[in-house]
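Pasting the structures in now, so scroll down.
Both of the next two complexes hold chain A, though its partner changes from chain B to chain C.
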Partner chain A sequence: MSRRQDFARSLADLDLRRKMAVSMAQALGHRAARVAETPEWEALRDAAQAIRAYGLTHLDEMLAQFRHQLEARGARVHWAADAEAANRLILDVLRARGVTRFVKGKSMATEETRLNEALIAAGLDPVETDLGEYLVQLCGDRPAHPTAPAVHLSRQDCGRLICQHLGAPYTDDPTTLSLMVREDLRSEFLRSPAGITGANFAVAETGTVVIVDNEGNQGLVSALPDLHIALVGIDKLIPRLQDLGPLLRLLARNATGQTLTCYTTLISGPRQAEDADGPRELHVILLDNGRRAMLADPTARQAMTCIRCGVCCNICPIYSKVGGHPYGFTYPGAVGSIWAAFLSADPGAEELAHICSLCGACSEVCPVRNELSHTLAAMRRRRHRPWAERLGMGALAAVLARPSLYRLGTRLLRWAHPFRRLGAAVPPIRGWTLGRELPHPPSRSFQESHRRWGGHRRE
Partner chain B sequence: MQIALFVPCHVDQFMPQVAEAAYRLLRSLGHNVVVPEAQTCCGQPAYNAGYWPESRRIARNFLRVFGEHGTIVAPSGSCVSMVRTNYPGLFAGEPEEAAARALGHRVHELSSFLVDILQVTNLGAELPVTVTVHDSCHALRELGVRDQPRALLAQVRGLTLVEMAHSEVCCGFGGLFSVKYPELSTAMADEKLDNALATGAQYLVGVEASCLLHLQGRLRRRALPLQTLHLAELLAWGKGLL
Partner chain C sequence: MSSDVRLPGPVPVAGAGDLPEVFTAALASVSGEAFRAAGAAEAAQRLLEAVPPDGRPWFVAERELAQALGQHLPVTWTDRTGLAECQVSLTAAEWAIADTGTVGLLLDARQPRACYLLPEVHVAVCRTNALLPTLSDALLRLGERDQLPTACVFVTGPSRTADIEKTIVIPAHGPKRLIAVLLDEI
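On to the complex of A and B.
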């Protein structure tokens, strides 16, 4: 099935449209309130942009420093060139320690590598502990949003899924439901021999993995079990600890409209002699999986500075109607449509750059000032286009580049208009008339009338 | 002032009255308006579809035609933005780069030209109608056109402006996007039209003919009691110029 059909099918799902409209309006409303009360908003964006732009030119330096700092405190740092290598590394570490069932914190990197599928296929049993991911796992789905995985589910959907899973009578009361899940997960946390997380940022200066969440589960996943594995995209590196200030403030305000997430976990190594708790073993896996290729691309490299707040999804007039699933890629929305060209195993994912009206609403709100819509327009040059489209565009350019042919074309358009029904099979006309009437060209174009009457007409 | 009128191809072909209105409005303000004969298109359709060499072929004609003109005005935000915002990148490393950059500063969208450059808001128009405004994406976000159309409308005697919800959200046109992904494009149009209808306005006014062509096509298909009107048409009509 084509992506166009995937999007059309989601559009036709009116229940989904309603849920998305409510969630997106709420997210944007909360964000707007934070923007309004933050007079230094634009200065924060400038600071964040500068921090992230530094990373584009100092990646190797930062990676080396990050690794050095972590290893000095006894962590193991691994490199993974692609998704398969990352999953293999994680599986090897878990198997060597006889781990089968274990807890996971919300991590888009592990979604990207499809870690759960790989581990389940190897006989392991990951338990998602973020409420959204827990719900997504219950319905065998994929996250529909980078920060709100279950954004496509209503309160009633959540009630049905959770009560059915726990064998409890139906309720959709959010407090009751979250307490039920808390109860269910608490025993998992206490007995889990391992915890897997992603990272929101990785601080080079101090060798620190930074994870934010609102449920406290990331702290439990990373501190309670004896083994902690963090899968970190190499785009997550930031130079200094102090850079977290503007980045964390912007992340929370854009993503959920909070001033700061409820929990911020900083992990700089496994349990040290003086520590009362923490994992005895820490593995950090640095994931490339197409990121270096994106960094090497002058058109797309800016998108590496993304902090995954998801605001380009929320503001998008397309995403906000259909959610993340029709994109068919881990990261939906504007920035995801750029990433897809480098990170997706599906070469057809380059089409995503075309599924955008180039309205620029995303560029306007991006916390690190990514020129998302301009990048998407420029990325459209990459794709191998159908021959008919290339031929058509070549012909159009030939006509529009020559005034004499343009004049001839003006006449032809008028001669052909009465026979427009015959053109209904031509793709661009078919696409237009699917939901719209064709415009009527008046008998003369402006230029034709002007040439005929010029400035002599009565005004 | 001598003003060269830049008539975008879709305006020339499908909405000649918009160009006529712009021409007469500018003349009525005492300016010498010329319409360069060899103009065709700015190259945006090919640019947005990812066909940059094709776009450059078209844009070279634009540079030839308008290169010698000092002040260029178009009744369109998107085409002006194409020249101002995208030409520098399109011609990067090409012999025309400097000329393309220089041209960008001389091209103006009509409403911002009237309000920001000529500093005119009261054109002496009168029209007893109720309208609502659609903010076109490129005019709004790349040229900063938001208050200018409203300032002009505020001075039209008898006119009532009722703002619609989410006037700044895209109408779903997007060039080739509109025919490649018609389901998405029309769903976006429907949201825009429903918001416009909710205001009770008779006319949906905009500064961008391409948005209006798309919205008009959808309006007609749905047989809705609403009409699209370009700001230039409205002003010229209210001044008795059309």
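On to the complex of A and C.
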């Protein structure tokens, strides 16, 4: 299986492991400091969970209200059933206005629909303006983390990419490199006829598209060009403006350890007659692409409440070793593995539910209290399991239910331990034993010790 | 909105403290600057010390607070067409948020959408009595308006990026400095 090989390859990449270890530890450290200084942390989580749970049962109502409000201000709101429809809509709008080269803000939704590939194939020329995405675009790669797309690149990688692109002498100083990119993109912003962004939230009550960023590029992309297109997953809807309070506070503190992201931009329409500037045209594209199917699934629907803080990735014992790429899906980590089952065109995506170690670390930190590992376990249970697994689990259940068999088993295990490598020769067992070391059983089992200390056995 | 599922009220912040102090400390922690002045003349004086004019024009938003300060400044003003080349943009913030060191700006006819992003230095003037404890308080006030302006922004510090090995670099695409001026009286 190629996905398994992708994971194995990333796991063996010690350079990647080093980069991941440093940045994940840093991200978690920053977050922990914020949690410690926010006494109302759990109350914020309660509020966030309630707000997002409301969305699960009121989606259609919120969508209708959002659309009504935005259209009343002169924006166009479109529905896109899938990625292809969304890309086509965007291409049509851009083509009708003769746009070729234009600026883009960081957006996971456009990664999900592979918008850039579709537009480039149609002869257009999107320019990513978030530094991380700019780097990812330069190396023809895909983002490795929902909030830190270039987390897999070292400063030397970045130096080579940027200096080569701009024809400048090599440097790997992050400050110099960032300023070079700022310089390069300034002129793009000022002359771009169109800007494409995603959204972090969409407020139903007021018809507001909310975008957060640190660099200031989202504000420029949505303010300077004459046309602004926002691609918004229907999971982004929230009922009221005030709900942004707890959600944004949690988002920044979890994602980057900031108290609030540098810029929170609220857009509620295109330029009005009385406005000084801003795009004359605003198109908002509401993207389904499997989200309604997820919402209709009682097991998985909770995952729709995700606010994409990325902390379940950072804390995951698997993600934090291998990064986002081997998942082979836009949204990595535990929540991504759930989303993939509904959003990915790849039928093998369901296998991702088996990547998880079910340790539950993610559920403990998730700002909206998503029970990610429970959901993944439930998704596994309803999948068809291979005969070897069913046989093995059946045998284990039979042994565990019978104390005498269990005792016999522990003794057998002690005798068999020296021959454990033989397991690698048996195909169905091999898959399990290849990457795992069977621990040496203690010379006395717990029950035996217990008896020796004078405990009573109860049967 | 129907409410069979109850939506939560605002989450109170523990120990809000002295708002101007909390605000200044929070803004400093994100590399922003803040000072408080009794009146516009004093504020202008302190601003000139913080940002010596370098000959380039300044953008001054057509809002009372920004204009009050601008009148005391020996600089040439530019309108929005000169935004990309000016040294400073002087804007008026509707609210300042103590908890996070944030300023909230309404963007409309008198304060264009790009004005806080293009110049090198962004100065946001806010009335001291418009200081609020948290973002939620500002959002509640914003929601009370009949209609939202088509754009607003909450700014927390100068623009930054940390995309190269998580090293923080200021500025990214926006201003290099953010200075908040708390004005007790115009």
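As a convention for this text, the second predicted complex is superposed on the first by the 383 of 459 C-alpha atoms of A that agree within 3 Å, B and C clash if a C-alpha of one lies under 4 Å from a C-alpha of the other, contacts with A are read in each partner's own complex, and residues count from 1 in each chain.
The working rule: a residue touches a chain if its C-beta (ideal position, glycine included) is under 8 Å from a C-beta of that chain, and two chains touch if they have at least 3 such contacts.
All values derive from a computational prediction rather than experimental measurement.
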| item | value |
| --- | --- |
| First, second, both or neither for A:H354, with chain B first and chain C second | first |
| First, second, both or neither for A:Y263, with chain B first and chain C second | second |
| Which superposed partner A:P149 touches (first chain B, second chain C, both, neither) | second |
| Touching partner for A:G29 - first (chain B), second (chain C), both, neither | neither |
| Chain B versus chain C as contact partner of A:R385, first or second or both or neither | first |
| Chain B or chain C, by number of chain A residues touched | C |
| Contacts of A:Y406 with chain B and chain C, given as first, second, both or neither | first |
| First (chain B), second (chain C), both or neither touched by A:F7 | first |
| Interface residues of chain A shared between complexes with chain B and chain C | none |
| Contact footprint of chain A on chain B as seen in their complex | 7, 9, 11-17, 19-20, 23-24, 27-28, 35, 37-41, 43, 45-52, 54-55, 57-58, 60-61, 65, 86, 89, 137-138, 141-142, 168-170, 172-189, 191, 213-214, 216-218, 220-221, 241 |
| For the chain A and chain B complex, residues of the former touching the latter | 4, 7-8, 11, 317-318, 321, 353-361, 363-364, 374, 377-383, 385, 389-390, 393-394, 396-403, 406, 410, 413, 427-432, 434-442, 444-447, 449-451, 455, 459 |
| Complex contact set, residues of chain A against chain C | 19, 22-23, 26-27, 39-40, 43-44, 46-47, 50-51, 53-54, 57-58, 61, 65, 73, 129-132, 135, 148-150, 153-155, 158, 174-175, 177-179, 182, 185-186, 189-190, 204-206, 208, 214-217, 219-220, 222-224, 239-246, 248-249, 256, 258-272, 274-278 |
| Residues of chain C that touch chain A when the two form their complex | 1-2, 4-8, 10-15, 26, 29-30, 80, 84, 99-102, 107-114, 116-118, 134-136, 139-140, 142-143, 148-167, 169, 171-175 |
